[in-house]
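In what follows, structures are represented as structure tokens.
Two complexes are shown next, each including chain A; its partner changes from chain B in the first to chain C in the second.
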Partner chain A sequence: MSRLLRTSEVTRRPVVTLAGQDVAQIKDVVFSAGGGAVIGFTLAGRGLFSGPLNQALPWASVMALGPDAVMIRHEEVFAPSATVLDGSASSVGSGGDVLGSQVLTESGTELGTVVDVILETAEAGGGHCDVVGYEVAASEKLGTNGTRVFIPLPDTLAASSEHLIVPDSATRFVAHDLAGFGAAVKAFRHELEGPT
Partner chain B sequence: MSWWVWLVVGVVVITVVLVGLLIVQMRRRRGGAIVNQSQSTGDRGLGDEQAAADL
Partner chain C sequence: MRFSEAAGRKVVSTSTAGTVGQIDGFVVDPQTHSLVALTVKKSRHGDTLLWSSVTAFGVDAVTVQAADAITKCNDAVAALSGKDRRMIGKRVLNTGGEDLGAVTDADFDPATGRLTTLRLESGDIDGERLVAIGSYAAVVHRDA
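On to the complex of A and B.
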């Protein structure tokens, strides 16, 4: 079983060790442009006046992505930010942030701007965490100008911090709520794979 | 100017500076979703590094 969640639900979650120490909080979710797999998280310190940290939390070191906290074994699993970020993002900033980016189809139609990113993660431990879609403030082309809709993504993403490209057929699998979005992603990817 | 005018000016200046600092701080801490162009796949599995180390 897997579940869908928005990145905005993950950011600001505390990072807690098995010893019960509240050591940081999630700042950004970093994912791969190639396959959409979550690589890790950038971190911010706890407390109102603490800023972003120079350390990151690789996904492989996450023990559980719970509804209230991200669990890790101990603080030593943190790695330098460069291990999860590439040159497009500054060491502690959000240079490659896709929030606010334009979503375009392969034929050049603008579908809207990204307001959130949808993750699929395993219900229990031992699973994966992938980006499977975007929550988009829709343009007129989707016939729902200004409303928020969910656009599924293929296994292989085409993404930069300015433009996110989706296949033309993605517009036929747009969902209006997160509950029905999982089925839309499956159907969309099944269609892309073609008859086997 | 009388003392209470300076008091009001001081309170206003301090309030503006504090609100500005809070806004800057909130922007620094704001989360996002960053795409990494250099990695094609991420590591798989929750805690699999520790699991491998424990073996």
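On to the complex of A and C.
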């Protein structure tokens, strides 16, 4: 089983060791250069007045990305931020850079602006954590001006801090709620892989 | 036996038949899933009664051989006691990062001291599943 979740839900979630200590909280999600996977998290200290930490959490060290906490074995799995951030592309760096970008189809139609990034992770923990789509404040091209819709992504895509390019066919797999989105992503990727 | 039932029970010395203290709290070792000691109040000797010094954990009283079975806290017990290690009222997380609610009570076997059940509002959890008790949460293995 896999589960879909918004990046914004993950941020501020506590990072808890198996010993039951909350050692940090998630500050931001770091995506890989292609934009297709999560490679780690930047961290902030726990508590009202603690700032960002210069340590980061590589995805490989995450035991489980749960609905209420991110579980890790112990605090020693943290790595210096630089080593985790190195793996990410400068242009698709953090979630903050993707948010607010315009989504364009290959044929040049604007679909809206990105308000959140949708991740897919295995329920059992471990495995991959993929970026499967964007939550978008839709333009009138999608016929639903101002509402929020979910647009599936191919495995890799062209992205800059300005624009994200998706195939034209993505518009046919737009979902209006997260519950139906998993199936839409699967159908969309299946069509991209299949002979057309 | 429930923690809530056992708390407040008097500690009686079998050599003098006098009450030497009263059970206040429980010190759990998550590694062995069992009680290592009881904290005791109203004793002149200390605040800790090691599980190994208990003669019997009875329905109406806990018996010990003599008043000096109650001692000052040693380092091993201190590491497992204190506010951060107290189980009742603590949030429970499973290893999948799901919040299961707070511990309302717990059961132990009065013969062996083994922790048998954690009671939560959302349901009971086998004591064997306990991994650790930390300042933020008690961690349990997720359902098999």
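Quick note on the criterion: the second predicted complex is superposed on the first by the 180 of 196 C-alpha atoms of A that agree within 3 Å, B and C clash if a C-alpha of one lies under 4 Å from a C-alpha of the other, contacts with A are read in each partner's own complex, and residues count from 1 in each chain.
Note that a contact is a pair of C-beta atoms (placed from the backbone, for glycine too) under 8 Å apart; a residue touches a chain by one contact, two chains touch by 3 or more.
Everything numeric in this text was worked out from a predicted model, so none of it was measured.
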| item | value |
| --- | --- |
| Contacts of A:L4 with chain B and chain C, given as first, second, both or neither | neither |
| Which of chain B and chain C A:V16 touches, first, second, both or neither | second |
| Contacts of A:A69 with chain B and chain C, given as first, second, both or neither | second |
| First, second, both or neither for A:V115, with chain B first and chain C second | neither |
| First (chain B), second (chain C), both or neither touched by A:L192 | neither |
| Contacts of A:L178 with chain B and chain C, given as first, second, both or neither | neither |
| First (chain B), second (chain C), both or neither touched by A:S61 | first |
| Chain A residues touched - chain C or chain B, whichever exceeds | B |
| Chain B and chain C contact sites that coincide on chain A, given as residue numbers | 63-65, 125 |
| Complex contact set, residues of chain A against chain B | 7-8, 10-12, 26-35, 37-40, 42, 44, 48-49, 51-52, 58-65, 73, 77, 84-89, 94-99, 114, 116-117, 122, 125-129, 131, 157, 159-161 |
| Touch list for chain A against partner chain C, complex | 14, 16-22, 63-71, 123-125 |
| Chain A contact footprint on chain B (complex, rising order) | 22, 25, 28-50 |
| Sites on chain C touched by chain A in the complex | 93-99, 131-139 |
